[in-house]
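Common to both upcoming complexes is chain A, partnered first by chain B, then by chain C.
Presenting the complex of A and B:
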């Protein structure tokens, strides 16, 4: 049997302790991949333009109805369609805003969105020209108060990672405003995208 | 205890044995016996060849005792539940409500020659906190009926509220949808729609690393009486 000296035992204990401390520190420090993959978020409010790499976006109006339609089609929901009027100004190249990828995020974290059952395709927005679009999102009335729009800078590619740059826009819907929006019943006609000033 | 005297052989356990008589060979270990046996044939076969022969014998013996026989799949007992029972399938909570047969329901489903439609009305609510594609309902509901179009064995899913193709089902929001299967009009209309409901798991695919609803696992069977619907 090897008889360890006091110094040897102490050395072993110190090494084990140092490894344990190092492990804890390493686990708590952010990894390079984690930092590189953090989303790039721009915050804004209703009516305030936000500039991302693909263009400038502003939500100018919020409306709601259980019935929305275009000239040719109508959709009805048991919940509510939140209709956002959005101004889009592309920078650099023509842009189709990510209308299928946007989400209305409720205060409790629920996300609503995806391709709506009826829509007017928003785009292409040409560089330097502001295009106004109406984007419907199907939602439950209890998710309106305190909700915000998460708008990606670009549409998600079929392959590859998801969009990492997006705008978080506070829609400014208070509890009273949410109740008022939930009570609206007038059908909303989705206007075709129009260039501002035309 | 006696200590071994010099020159007395020791066994590996440390005990001593009597010295060998003249002409007597020391006992060979099992390993030495195996080596001796291999030495008899080492000029003919190599260890690799011996390994191959042993493996082949193992396969043959396994086959002789039924090791390669076809194994019948174990039928899992899938419970039958009443119509209107909410079922957690993974992407949705699904409640199967009623079933119809029809030649068409305008403007969503137009009559077509040689075709009849079997229709199931269901209520769905996306699980979790994000929207789910409503057409994933096709992956969790299977209809058994004669004469179904095998090229379109999965249903088309429409929204009941407006007849639109069902897009995304929103979280915490129950949406009534209509699942439509095509059936040859020459086939008999079954008295009931036998629907199997599967549950799927959200996991990473081993093929491309993306996440999908995979691994269908039957959780319930629902029988819905079919009502004739005359609304072309």
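Presenting the complex of A and C:
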């Protein structure tokens, strides 16, 4: 009986020790989320080109209006459409910028984005030739000040995790500029993507 | 049982351990047997991410010729419901610059190239839905539908890639998942024209033609 108890005790001790060691190891090692899905972030400001795996991107202009339209359709919002003019130069192969996956991140962390009600499809951008697109994002006016654009390098694949490389572009909207943008009422006509050349 | 009992001490050590080992294997036989299917289930349950590795998702298998003619061979599958084999002879007839093509001209800073391709395939081979690219000297791919400007008043026509418009041959009916045939049988040999705009200063070195991944054809542009 004593031997059996000793074996049992030893086994329990071994298991507890193994669990303790395992716990220390897993606590010290970085988590899969922290490593495998670690985003590759490029920070930039308005007007500054940022080069990612798929190409070079620059937000050249920020405009806003509660009404945006194309030649075919018009959309009205109770909030505001922030309209970004973006220059895209693909590298390696033709590219559709991730216009549905981009997000406007407010200074308090709220995210705005998704497929807008009206749009001009941006792309494909030919490598070596800069394509200029106007991308609308529906947003609430109180999120404008200090907001940033999070632009993924590519669209999300149908299978697999989301794109982990993205540009974080400070749109340079101060509190005063936000108030001015929120007050704009002139409807914006989204221009078709245009090739600016090399 | 007392540890110092003579009956235990007199016995050789090995059989006692052997008995204990056998007892453990016997006791846990069921779980050990279940371990194999449980491991298989665990792998299968977490295996969807590997679809990305096993499904031919990207174009990874080039069929290359330095010349301008290639016999292209590939097996294709459509949603695991339809399967077939694609054998076709591809020929780059010419790649040359053009002012305009199909109602489009090159955008500022670009040069338009007109690519004439000849295909030969049996009439029952699925040839619809290909993509054509021009490759630059550094391997950069240039595709259709970009770097061009619509000519004023022109109505660029809708063209089916790589098949004659009036007799495209078989195509996939995506609603009913069946292969339908065109009214007119496709000829054994036919030609198509594509146009692709490249940035000024980039000379095309190869033509890339692809249908379903992972196979694609790389041909020279000729002289």
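Methods note: the second predicted complex is superposed on the first by the 165 of 198 C-alpha atoms of A that agree within 3 Å, B and C clash if a C-alpha of one lies under 4 Å from a C-alpha of the other, contacts with A are read in each partner's own complex, and residues count from 1 in each chain.
Definition applied: contacts are C-beta pairs under 8 Å (C-beta built on N, C-alpha and C of every residue); 3 or more make two chains touch, one makes a residue touch a chain.
In this text the structure is predicted, and so the values were computed from the model without any measurement.
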> Does the superposition put A:195 against chain B (first), chain C (second), both, or neither?
Replying inline: second
> Counting only touches as set out at the top, which of chain B and chain C does A:57 meet: first, second, both, neither?
Replying inline: neither
> Taking the superposition as given, does A:138 touch the first partner, chain B, the second, chain C, both, or neither?
Replying inline: first
>> Which partner chains sit in contact with A:114 here, chain B, chain C, both or neither? Use first/second/both/neither.
In response: first
>> Touch test for A:123: chain B only (first), chain C only (second), both, or neither?
In response: second
>> Residue numbers of chain B touching chain A in their complex, please.
In response: 129-131, 133, 159, 161-162, 164-168, 170-176
> For chain A, which residues are in contact with chain C within the complex?
Replying inline: 1-3, 91-94, 123-129, 131, 157, 159-160, 195-198
>> Help me check something: in the complex, which residues belonging to chain A touch chain B?
In response: 73-79, 109-118, 138-140, 142-143
> Can you name the residues of chain C that touch chain A in the complex?
Replying inline: 1, 3, 49, 51-52, 55, 57, 107-110, 133, 136, 139-143, 145-149, 197-200, 202
